[in-house]
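Each of the next two complexes has chain A plus one other chain: chain B in the first, chain C in the second.
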Partner chain A sequence: MNPSPRSEAVTRRQFFRNGARLAAVTGLGTLAGVLTGHSQAKTTVWQIDPAKCLRCDRCATHCVLEQSAVKCVHAHALCGYCQLCTGYFNPEPNDLTTAAENQLCPTAAIQRTFVEDPYYEYNIDEKLCIGCAKCVEGCNRFGNGSLFLQVRHDRCVNCNECSIAIGCPGDAFRRVPVDQPYLLKTTHAH
Partner chain B sequence: MNPTLYPRPLSRREFAGQVARGALLAGAALVAGPAALAAQSGQNNPFAYDLSRLSQTDSKLVRYEETGRFRCPHAEPRRVAVGPGDALFVAAGNYVTALGAGGASGLEIALSGPARCVAVAKDGTIYAGLRDHVEVFDAKGQRRAAWETPGGKPWFTGLAVGENDVFAADAGNRVLFRFDRSGKLVRRLGEKNKERGVPGFIVPSPYLDVELGPDGLLHVNNPGRHRVEAYTFDGDFEGGWGKPTAAIDGFCGCCNPIGLAVLPEGRIVTCEKGLPRVKVYGAQGEFDSVVAGTDAFPENAKVGAGETRGDSTLAGLDAAADSQGRIYILDFVTGDIRVMKRKA
Partner chain C sequence: MRRLLHRLCPSSSRWLVLGALLLLNTVSRLAAEPRFPPPDFSETNHRIPVTTTPGARALWLQYADVAVLLACLAVALWLIYRKRSRRGVFWLSLFSLAYFGFYRQGCICAIGSPQNLALGLFDPSYAVPFTATAFFVAPLLVALFAGRAFCAGVCPHGAIQDLVLVKPLKVPLWLEHALGLVPFLFLGAGLIYAATGTGFVICRYDPFVPLFRLSGRFFVLMAGGAFLVLGMFVGRAYCRFLCPYGALLKLASLFSKWRVRVTPDTCTQCQLCEHSCPFGVIREPSAGALPPQFLGRERRRLGGLLLLLPALIAGGAWLGSKLSVPASQLHPAIQLAERYVRQQKAPAPYGVQTADALSLQRAEENPEAILTAAADLRQRFKLASALFGGWVGLVLGMKLISLSLRPSRTDFEPDRGACFACARCFLSCPNERVRRGLMPASELPLPVGGNAGLVT
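And now, the complex of A and B:
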């Protein structure tokens, strides 16, 4: 009968040598993992897929920044330049004017400018926008969906674990290449 | 020894049963998770876009009751019209279909493309609007003509026919074409003209409709201005009415109404999308009543709100009225045609 390899006794020196090898391999693996992770963090950033966004309030409330890095952006090519913009006006406005009581945005972050009868242009003041998506819901509900949310990378700190992404009910957050950091709408959402 | 610390061993059957239950629960959570989370978020959302009050209709304003309902025979319904003898015609899919009492399909005409609109003359001639041209059929469904495509970017979405004229609403070119019955273009109507005081049509989504009233005027929706406007056959602008609001007496969203019908005595029936609802106004625009409110179209409202995978821009309604004052409502989402009668 052949003797089993297991039956060979391991010397103390072999035991320590094997242990040292294992520790070295484990250490190298860990280092490689950390480096890969860091490298990925540098090459990708967080972004919102507009097609998955459910227009809840979490972008406004879950960001680690005092004022969210998520802002409403406007695809002017899709906009109808409507006189009654449902992203701008309350559902029952007293009048179609810029008076505060007619506006939907809680921070008055949308600027309305007359173009020509009956068209108006709408622009977002990002200093005021808190990313609450109220206007996005109004625009999607009745209009072309030209208002949508995006992570603005001039302020996003690119957390390893984005706290909004963790709480996003639509699973709309994903990492995108740093050289293509935005997921912009080019056609109608619906 | 505490016996609860050492429960009895599971049998194979119990184990399999518990695994199956667990898998079911996990699957259900996976499917319902995002929707449930979103709903939960919506409940506590201080920034919620709340239309719940406007989605409910005051029952005192609803003066019509449903007396019948039947299915459209084809998918993708677009317009409904009433012909001679109060026969109902529906443009759906690549067909125009005549429907008898109770929704039984009668004459069916296959078209060369998707039907966008339909109108039927008193002599039974059927005019079917496709995206870029009009096709003409006799009362037996025999093709008589296919009219030339107008220039620009035509997108026909409404038709009306009089004694000598056919009017085609072109949402793409934002114009109303007046043809004679042979298909010769007589005039373009409704284009912006400051000298004549014509405001011009604003059509953010492809819903421009035209109806011929007993007052001899053309009634056209101008959705971007939230109005119904009246024109003579020669294109004189006679006036318009309507106000932009989600309140029940106005027209909601970016662009409404999307469809019209005219009752025998001249009152106007309007159809809206976004908050799907059908209402009646007097000929001068005074609010009369609700035919069916948003709460009567739950599926349509869901699709319109983008809560489903359906195309929300196609979540609309159309209506037609017969000589008895009955209103037929076509639901683009469910494919139902409802027969509504004014309450006694």
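And now, the complex of A and C:
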């Protein structure tokens, strides 16, 4: 005789199911516990370490946003306010004027204003800047290095994996805490 | 002196001046001064601007996201189990699509969160954000008790696919089973690549987040469009055949305490619900006990498959360890080391300022560090890809075993694991319609099977 094999099977399955559920809940709890051990409430955001940036042009092209979230920023306190700014002018400019053919920036995103003889101030128009780092290269090679790239957090959508970071040749991208989201230059390059 | 140099700059010999300045720089470097010291603006008292630092998204908004997730999960459970309302679930999923999809633009997402946890476990320097842990744990906990309520009403990926579904075609069962293995393999690959610090491949190839952002890489945007077109005819193609978090939810809801039922009343086995499910997860009742002459064969098959399982795992692990070198090539550090070695073997001229050339120059500055890091990673990949191979074997073996187990179903029921809890089938059930007062009891169809009683 085989009294109600089905109900027995269901009970066995239910027993198995309950056990598995208990194990899974315990496992999830342990995992969450272990991770809270070295996790943080703060989320992180992506930022470029200016000391590691190699000034390629990938920030302009690799961002998931159509207009890259990476822009050139200017640490004015480090700037020499040069009349011949190698971040602003082409090598061999025809003239030291704001005419387009003299400018290094492909989108004319750097505004050059006269302050006092012989000093000029350079400001980045972030709406125009594409993050190509041409000016950064010029400024770092011949100048103080006061121009550098940063992820602008009013634009960045904070992808779980930054798609510029994948292609960054200098390995310059890293996650920083959200309450200190910038790695600004405070001393001159070199 | 410096002012004089500045004045000299516009002259035709400015590059000579620059050279002189560079010379000067070597001196100033010793003195740890900038090349061109910032002026003091004694004449105009010009104030030097401060670098702006627009802040990231406020921290409390992260907590708000988690609160919205928990609230949505609770509402989804209430709609599925209490209200039993497809319309409610639909509006909830629209809200989730708007909030998690188009407002939060997808990167607050449960699908990628297993990778954050894997990286957090294996890389002590990476602190897992609280939101990632919450988005990983909460939907799984819900699934362990009440099925895939997350998929039904909270996930924006599911919602956008539900929106475009117009004519669901039935996927043949063999194809469904075969493609259903892909999410598990994708999950394994995502975890391995995250744990080795290679990157988050699940996020990298997510087809819908670029659509939510309306920008992204061309290839991924095209994939998103393709999934939407496919989704018009194959319901939730991404969820069923690719989503790695869906694989976890599927496993969890196999053991769920409560489950979605087509009707809380008796099933009349009218088969109407079977066609109402666009994902083909409603299974028919099992055909009763097997004739005794087949029982031995079935048992032998199950035993054989149980014995095959360790062999599959071992075989997979062996195969995986053999493939560790190509698998490791996705890691940027290994890519760089390999390019460096190639360049040393056969020096090729490269452009000055391209990104690849710049990274090669970086490698040439300190080749030992790059090569040791790559060798270390290779070792880690040997273990990782063996683990992945073992995982593939395990997934295959468990699939075979689950196919050979006989289900015990007395009624038409949604498959526990595959059911998205979308609530579409509820109103297809005549008993449910009678229960809700949408249909007089006299119009109930006659039962097909003899064993189910007709509720009147």
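Quick note on the criterion: the second predicted complex is superposed on the first by the 152 of 190 C-alpha atoms of A that agree within 3 Å, B and C clash if a C-alpha of one lies under 4 Å from a C-alpha of the other, contacts with A are read in each partner's own complex, and residues count from 1 in each chain.
Criterion: a residue touches a chain if its C-beta (ideal position, glycine included) is under 8 Å from a C-beta of that chain, and two chains touch if they have at least 3 such contacts.
On a predicted model such as this, the values are computed, not experimentally measured, just so you know.
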Partner chain(s) touched by A:Pro118 [first = chain B, second = chain C, both, neither]: both
Which superposed partner A:Ala20 touches (first chain B, second chain C, both, neither): second
Which of chain B and chain C A:Leu65 touches, first, second, both or neither: second
Which superposed partner A:Asp171 touches (first chain B, second chain C, both, neither): both
Which superposed partner A:Asn140 touches (first chain B, second chain C, both, neither): first
Which superposed partner A:Gly80 touches (first chain B, second chain C, both, neither): both
Residues of chain A touched, compared between chain B and chain C (which is higher): C
Partner chain in contact with A:Glu101 - chain B first, chain C second, else both or neither: neither
First, second, both or neither for A:His153, with chain B first and chain C second: second
Residues of chain A at both interfaces, chain B in one complex, chain C in the other: 54-58, 80, 82-84, 86, 92, 96, 118, 137, 142-144, 169-171, 188, 190
Contact footprint of chain B on chain A as seen in their complex: 54-58, 60, 80, 82-86, 91-93, 96, 104, 106, 117-118, 132-134, 137-138, 140-145, 169-171, 188-190
Residues of chain C touching chain A in the complex: 3, 6-7, 9-10, 14-15, 18, 21-22, 25, 29, 33-39, 41, 43-44, 46, 48-57, 59, 62, 105, 107, 109, 112, 115-117, 120-121, 124, 126-133, 137, 140-141, 144-145, 199-200, 203-204, 210, 213, 215-217, 252, 254-257, 289, 332-333, 353-356, 358-359, 361-362, 408
Complex contact set, residues of chain B against chain A: 33-35, 37-38, 40-42, 45-51, 54, 199, 202, 204-205, 224-226, 244-247, 252-255, 274, 304-306, 311-313
Chain C-touching residues of chain A, taken from the complex the two chains share: 5-6, 9-10, 13, 17-18, 20-21, 24-25, 28, 31-32, 34-36, 38-45, 54-58, 64-66, 73-84, 86, 92, 96, 115-116, 118-119, 121, 123, 137, 142-144, 152-154, 156-161, 163, 166-167, 169-171, 175, 178-179, 181-182, 184, 188, 190
